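What follows is a single structure, and I will ask about it in a moment.
Chain naming follows the written order as A, B, C and D, and within any one chain the residues start at number 1.
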């Protein structure tokens, strides 16, 4: 395969990017659109004390849930842990710190990180302590808003349907979800893809994530979990 | 919930009657997910999912599922003609911009002022708010579908919510297994009673002031 | 044509939305991707004292430049007027108030308006009076940021390549530019399109602006100006 | 500018030499737009335009123009293999996120500290900043290509800019019709002199302190 941009690689060659205590951002929503092969590699490596950022904690054996359930995360910024009871237990036991953020605002904070915007103002959850906890408030025209800071991570892992050698990405249906914003917010972004196609074979109008944001591309081995509906 | 499937469908059908031509509607899990079964033919509605679907269609048959086409709860759905995919930011942009006409969702408690408490049971269950706060605060109309009472027989409609709020003063309508209420500036109003219940039955099971509508109906 | 969502209409039927003193947002970049038929209709109507919001003032006879050059705008929020000398003259003569905003931040402010985000924080142009003028500053971790407020308008006019009857839009190459964000930021959004295609004929993965944001669709008569390069 | 086409190409060629394999590069108007003509074959570069193009290719031949495929200045371009279109927010996201490796642009003045003044002449010309502030502040490397002196023979490289700044301390390299300078923590350094000029010629026309590099070259 043409690899003129030297982005196409293997998971094994990227393992040095993962280490204990790192911040790791992941795409996906309820496990749909989370990168199974990268998640498995991180699990196998045994890294721990991860600081995670992502929409939810998946299900116990699905998506990032696998990493959470094995107690590998010391902290997570997320919007929902309801489908992963293990996450709730770890939180209650004080073994994993959870910062809850309203779902759309979380996605915007990740986008802001990816777009080089320091923060956004929000009026969501202003009357809710769990949301406002520790956050700065600013007043404009006598109305109060929360300052919701941008989120970035050392590494961001995403899942896409197709990549070309430049890392231009297209996604698959609802597996797009938070992937396009996570793809921009990593200092290093790794895209796990179903298929790598030749340069020029993606319609330039259809590309969702320009390869500018993507550092590495690895082929996916496919989902290694059983879906909740199966 | 221990509620019969018939009653669940009756409540879903009543919620469906709120949906008008051309609306964008977000459905929560549980009874709200039954709503699409009760829409009249020819009504063009776009069902919206937080994970980035506009124009969600029926659940596929077993064997036809696509693991990459699921609703916000992670279960397989389909896409109707004119539907589209987007990322989560755009899905929530639709909500915050006021382009989602209605959200139909379950709740643990609703106050007479329309306060919604549906996301947390302190010390028991802290699932996280997901998209509930944005939907409750920003959807043009918020319809709650829930039991009239909890498993201890206590009214889920209350003067003040004892559970932490998802969002204050956001609920427009409550549909229970006994009745339909609207929430307005002047508080809670009983709009419909589901037979065989009587107005008195409903009021007894409603733990706050409730005005009976001039246009009260029975169904 | 199937018009089940009652969005497809004619320019004539939309004229009531335009009035003196209104806020009007327009897509386009140097005139490319600005809606010619709607601009022409606004010109013919004779509305004046417009408060415009858009990337630039086009060229004197191209895009929104036509409206600006005829003195129909009393105010504009924009990033560049260099290619339209008439705009500069009107500004210097005190006939049109110009609020300059860095280009990418302007696009983000419009997006914020369209996404229901009250404001964003910015570190662009902090040392520049023209940028900071009249704007609130907030301090986070000893660093100062500008609060750049969201922008919306009574009506937003955009240009797209194709629309289906629901108003799902796809754009044409670099004529996309600011159109997708303007399409979200109007209280009323009108899309002028090259072609209206049947529901279901746009690839749902390729749709850039979901029809949820689009209120009306009108067919374009095409560009009625000569490009600078012609 | 009254500068010969040969010199303009020499300056563009020198700027092109700064471009490395795989870079994302934004080009301003004028001399910077000549840069693509001077790239070695086999160098894969993505030219970026603020209006939403990554992978801009050469200007089409007369008659082949597409009115909907233009650069940020409004003039027709093309798209290379692997290029893509996006909206303006994404184009600027690339810049602010530090994913644009280099911007090559013209200027009115540059100070010895690397302050850039290229967007306004008070009382004369107020075109607006366009995307210049974001590019100057956030591109990883800022290369200015401009005449050594203005039409009055005054140095455009100065101790303090008299014109309003586009952005402070942002310029990394200055390429003029006489020389190449780098801007570092210790101020301005003369790196290359274009023959037939001498070091003295250049220093005379440079209105600030300038250190001559140990690795000074002539070309």
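Rule of thumb we're sticking to: a contact is a pair of C-beta atoms (placed from the backbone, for glycine too) under 8 Å apart; a residue touches a chain by one contact, two chains touch by 3 or more.
Please read these numbers as outputs of a predicted model, since none were measured by experiment.
Common neighbours of chain C and chain D under the contact rule above are A.
Of the two chain pairs considered here, B-C and A-B, the higher C-beta contact count falls to A-B.
Measuring from the averaged C-alpha position of chain A to that of chain D gives a distance of 36 Å.
Computed centre separation for the pair chain A/chain B is 29 angstrom, with centres defined by C-alpha atoms. Per-chain CA centroids place chain B at a distance of 57 Å from chain D. For chain B, the set of residues that touch two or more other chains comprises 79, 85-86, 89, 92-93, 95-96, 138.
Among the residues of chain C, those in touch with two or more other chains are 108, 115, 117, 123, 171-173, 204-205. By the definition given earlier, chain contacts exist for A-B, A-C, A-D, B-C, C-D. By the touch criterion stated above, chain A contacts chain C in their complex at residues 108, 112, 115, 117-123, 136, 138, 140, 145, 147, 149, 170-173, 203-206. For chain B in complex with chain C, the touching residues are 22, 24, 44, 46, 48, 54-55, 79, 81-86, 89-90, 92-100, 138. Those residues of chain B lying in contact with chain A across their complex are 49-53, 65-77, 79, 85-89, 91-93, 95-96, 120, 125-131, 133-134, 137-138, 164-168. Contacts from chain A toward chain B in the complex involve residues 29-33, 55-56, 59, 62, 78-83, 88, 91-92, 98, 100, 102-105, 107-108, 111, 123-125, 127-131, 161, 171-181, 208, 223, 227-229. Of all residues in chain C, only 4-6, 114-117, 164-166, 168, 184, 199-200, 202, 204-205, 207, 210-213 touch chain B in the complex they form.
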